[in-house]
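Same chain, two partners: chain A is paired with chain B first, then with chain C.
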Partner chain A sequence: MTQTPLLEIKDLHISFPLDEGTVQAVAGVNLTIYPGQVMGVVGESGCGKSVTAQSLLRIIPPPGRIDAGQILFRPSKLFKDTKGDGVVDLAAFKSNDETLRRIRGNEIAMIFQEPMNSFSPVHTIGNQLMEAILLHQKMTEKEARARGAELLRLVGISNADARMDNYPYQFSGGMRQRAMIAIALSCTPSLLVADEPTTALDVTIQAQILDLLRRLQQQFGMAIMFITHNLGVIAQIADHVAIMYLGQVVEQGPVREILRNPKHPYTMDLLRAVPRLGKTAGKRLVAIEGGIPSPFNRPTGCPFHPRCSKVIPGVCNTHIPQLVQLDETHSVRCVLYEPKVPQPNPEPTDVRTAPAVA
Partner chain B sequence: MLRFLLERFGLMILMLAGLSVIVFITIELPPGDFADRQAYRMKSTGVRVTEEDIVRMRQQMGLDRPWPQRYITWIGNIVLYGNFGMSMSQHLPVTQVIGDRIGFTALLALTALAFTYLLAIPIGIFSAVRQYSIGDYFFTFLGYIGMATPSFLLALVLLYFSVMVLGNNVGGLFSPQYADAPWSLEKGLDLMNHLWIPAIVLALAGTAFEIRTMRATMLDEKNKLYVTAARARGMPENKLLMKYPVRVALNPIASTSGWNLTAIIAGAPLVAFVLALPDTGPIYLNSLLDQDIYLSGAMLLFYAALTILGTFLSDILLAVLDPRVRAGGQG
Partner chain C sequence: MSEPRLPLLETKNLKKYYPLQRGMFGGGSGTVKAIDGISFYVEKGETLGLVGESGSGKTTTGRAILRAVEPTEGQVLFRLDDKGVIDFTALKKSDLRRFRQYVQMIFQDPYSSLNPRMTARDIIAEPLVASGLAKGSEVDDRVRQVAKRCQLNLEHLRRYPHAFSGGQRQRIGIARALVVQPKFVVCDEAVSALDVSIQAQILNLLMDAQEEYGLTYLFIAHDLSVVEHVSNRVAVMYLGRIVELAPTSKLFYQPLHPYTAALMSAIPDLDPDRVMKPVILEGEIPSPANPPSGCHFHPRCSFAQEICKTQTPEFKEYRPGQFAACHFAEQLELQGALKSN
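Right, the complex of A and B next:
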């Protein structure tokens, strides 16, 4: 691709130092998003996808911290006046930095998993929507109000003028998520981070919200980082998909390629676990063996090897697989595709199966 | 909103009516009556008192009628004529006995209430924002001491401090030279100089409690998703704090402000007694001991009415703060 990337995450490491030990939530994520691209990020709970999303706006909940890596972002408005070739490293800012604050909501906006809790219960929807507008745009209150109502209409809320004065408890879950999208779009950001925006909604509403996002994405031309654990949703909305496991991207590529021709054993297992109309009827769904390992005790070698059906003993538990570029867009992190297969280690040092050393 | 107000107001009137009955029964409860007390007192000074004398005294004061009948007369006079009856021990109308002093009681309660919130809200916010900092530990420590110290003890300690260190005179609300002087700026300042001790004493427990409440709610609120969402749209940190978590954390403070007033009023007589304040406290205690029922009844009714009024005001405050309360719990 010759296009300039909008966002480049390079070798990102995020950890949470807790009393019980340190949790390595993100362990070397690499991810590139181009302008206007919809990047789906998929993985089980606890694989670090939400934390990665939060790190873009530097809103990781305490005590989480970025240990290493870069988040290179190319703002479209911030340096318009100064003519600088603006690439900023979001990971390098202090979390209360003024430039970062001007990127939040303005260049990168975010919508969250729980629309029920995303609004302050004691302020009107209009108040919170106008706040987002006035934070980044020079406008009078009156203009902001008109713009707010226009945005509400855009996301499909009828009677928008009157709805501006409603409180969140007067909105249903689906309507709140629409209002949240209106807030996110208020400053026409170049990147929208959607952290499981449909998970808390029921299925018919899910479909409406996805349609809305897809339509608005085409209308505004923004890129979306769409986080979900639902491969069905990814198929509907994403161009590209990144599969995450235990804080790493294990496979990424165009969505059709990944769904039809998965390479990583984890991706294959994930796809087998998705129910399909007609094909899996009457059969048991295949579950992936085992559960996600304790976050305090990451497996050595490839993090997926204890659950992997194609595990090579002596290799997978000692060798950390490298990222292999299969073609221009499809890459995978698995020893099966490495050109030079490492020799099995004669003495496996699997910390989980090895007897405890006294 | 108007409907909410009318509902609450109606409820307040009903509660006041019910309360007046309870007040009357309460002061009737102790065995004996003012006639017995009077006879006992006369006997102890050597006067011979016969049974007939006591019965006659009772008749004179109307104490021989059954209590529901006396209650009707009492409350009727209060509602219709603002007449609270006669103080039997002082042979004066109750309104005249309490009149001058009730203003001081109200002033004291309001000052204590103001102290409570002016201190508790900022400290609570600070403690939550700088959780586990030295300042937080300091105020937490102070808060626990505040909650655990009996108010009369603190009153004595502060009194000692005021007299020995600041050189003020002991107790009362005025220095001797101002006590009977007409109102002037100096007299006002002198009053303030005396008022802070009882105000702090009365406010302390409430302040300590409200700091804990404010801190706890702030800690809950500041990590909620809607705060993160506002941060994610570029809200500066200080504005964010004041607009969202602080605003929401004020709700429990507002809704308990009525109780706080109750606690202050309930504590006031004892503190006033220790500090020899010329407010209603000492009269109240004496009237209870003497079974001077109309005097103590009027004061008990006054304290109770203040409490109910406080609850009513805190309800209004809460409705102003929280739209869900205004809507009457629908939705």
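Right, the complex of A and C next:
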């Protein structure tokens, strides 16, 4: 693939120094998104998917901080000259940098899980829409209002002109999510970050929103980073998917490849653990043992090894697995696929009672 | 077919209305019909799934059965082998506590449903003590037994809820429900707040416990894949009424009600090549304070005719075991989430 990436996250590390200790929320994430691509990011709570998304706009809640890594972004509208090739490193800015403010909302827009908490309750929907437009585009208020109403119509809100004067409480959950999408699209960003946008919605409304996002994505050709824990939603919307576990991308590739032919034991186990229509009724599910480890107590070696069904004692608990490129698009972070399998450490420190692999 | 099993629990025309107050000076004007005439039975040992969107009255139904909210009207009949049939709704408040040992509830949110100032042991023991079922060392024995069954570490029982993860808290919630050896358990979104890998563990635990103790479940959830996984039969609710009730596979292969079909079409399939073609429902679920006339679903239904606006469709059996409330249930050939090949 010779296309230039829109976004390249390189070895990103984010930590939260707290009184109880330091939480390594993101521990070496690599992720590439191409223009117009829908990248699904899947993981359970605490895997760092939201923090990764927030880092793109540099809105990580304090005391979180980027310790290392790069977030290379290629803006389509601003300054083509910053680094010669028009690439900026979002991780290198101060979070109040002027350049960042011109990127936020304009080049990279974000929609959130809780549409109620994402709006100001004391301003009308129209006001909040116009704010985003006027911030980045040269327009009169009248033009901005017309543009706002047009956007509301675009996201399927009927009677848009009158709705501009409504307050968020007058909108239902699904409509608020539509309005938030309208704000996000107001400046036709090249990347839309969607953090669990359908999780709080009912299934029928979720289907409507997914349908809308898919349609708008085709119309505007923007890339979407779609974060969710629901594998069914990923299957329906994403082209590519990255599976995250405890701050790392453990596997990524085209969505069909990952869902049909998963390589990482975590991906395999995760897919087996989901009830499937018509396939698992009445049967026991193959659950993943144990719980997600405490963030203060990251396992050594591969973070998944205490729960892994294919753990190699003496290797997985000491050796940090490398990212292995299986083919052009599919990569996995597991020792099973490393070309040179490291020798077991003679003194394993933390071993489950699994039989040693011969 | 084996001989028909007797229903363990039966609700008859169960209703819960909330008075709606308008203005500062009170003066009730109108009511919210949270549930409006719910009738179903659950056989011993089976799981009845209860699905519907937010505001459809699923949770109120579960709570009304336990009388965690007082039903406005209707009966909840409960068949006990040694005591005959008990009408739960007719019990005096003072007797209720004694009978709650037969009916227990598991809640959705493992964070807010456990008292943060009680240890896990005390939380699990509370129903035993409150119903006077056990005393002294027997309490501890039974707590340990059920905690072990729920795969809780017995050494952790002295800890407070904050020290447990979400999945472990849900195990505490399950242990608390099972400690009195109930016959009937209402699982209200019991796995909805959990991560996928933990959800599978809890579903397995619930199914194992059902087999081991011969439990009967009312399984309330909005995730249709989960409901299909655990339920023998499924009831679909819309705006306080049951619109369809059928054996699980019938409901998922050949739904009779357009609302069921719409729900089914909105399940995101795990197969990327089976592109979801959701039946787009116009608008949103109406307010239960002001439900549409006739069939509540008619403003959003693509098959609606004049009759749907004026007459409430009768809830009746169209196929063996499959009930629906739709004027055109027999004419419509609806597609479920599953296709027979």
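By definition in this document, the second predicted complex is superposed on the first by the 343 of 358 C-alpha atoms of A that agree within 3 Å, B and C clash if a C-alpha of one lies under 4 Å from a C-alpha of the other, contacts with A are read in each partner's own complex, and residues count from 1 in each chain.
Methods note: a contact is a pair of C-beta atoms (placed from the backbone, for glycine too) under 8 Å apart; a residue touches a chain by one contact, two chains touch by 3 or more.
Just so it is clear, the model here is predicted, and its values are computed rather than measured.
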item: Chain C versus chain B on the shared chain A, clash or fit after superposition; value: fit
item: Of chain C and chain B, partner touching more chain A residues; value: C
item: Contacts of A:Gly174 with chain B and chain C, given as first, second, both or neither; value: second
item: Touched partner set for A:Ile157, first chain B, second chain C, both or neither; value: neither
item: Touched partner set for A:Gln128, first chain B, second chain C, both or neither; value: first
item: Touched partner set for A:Ile59, first chain B, second chain C, both or neither; value: first
item: Three-chain overlay, closest Cα atoms of chain B and chain C, distance in Å; value: 7
item: Chain C-contacting residues of chain A that also contact chain B; value: none
item: List of chain B residues in touch with chain A within their complex; value: 223-237, 243-244, 247-248, 251, 321-324, 327, 331
item: Residue ranges of chain A touching chain B (in the complex, touch as defined); value: 57, 59, 61, 96, 101-106, 109-110, 112, 114, 117-124, 128, 131-132, 135-136, 167, 169-170, 180, 183-184
item: Of all residues in chain C, those that touch chain A in their complex; value: 53-54, 165-168, 195-201, 203-204, 207-208, 222, 224-226, 228-230, 248-249, 252, 262-263, 265-273, 275-276, 278, 280-281, 284-285, 337-338
item: Residues of chain A defined as touching chain C within the complex; value: 44-45, 172, 174-175, 202-208, 210-211, 229-233, 235-236, 255-256, 259, 269-271, 273-278, 280-282, 284-288, 291-292, 294, 307
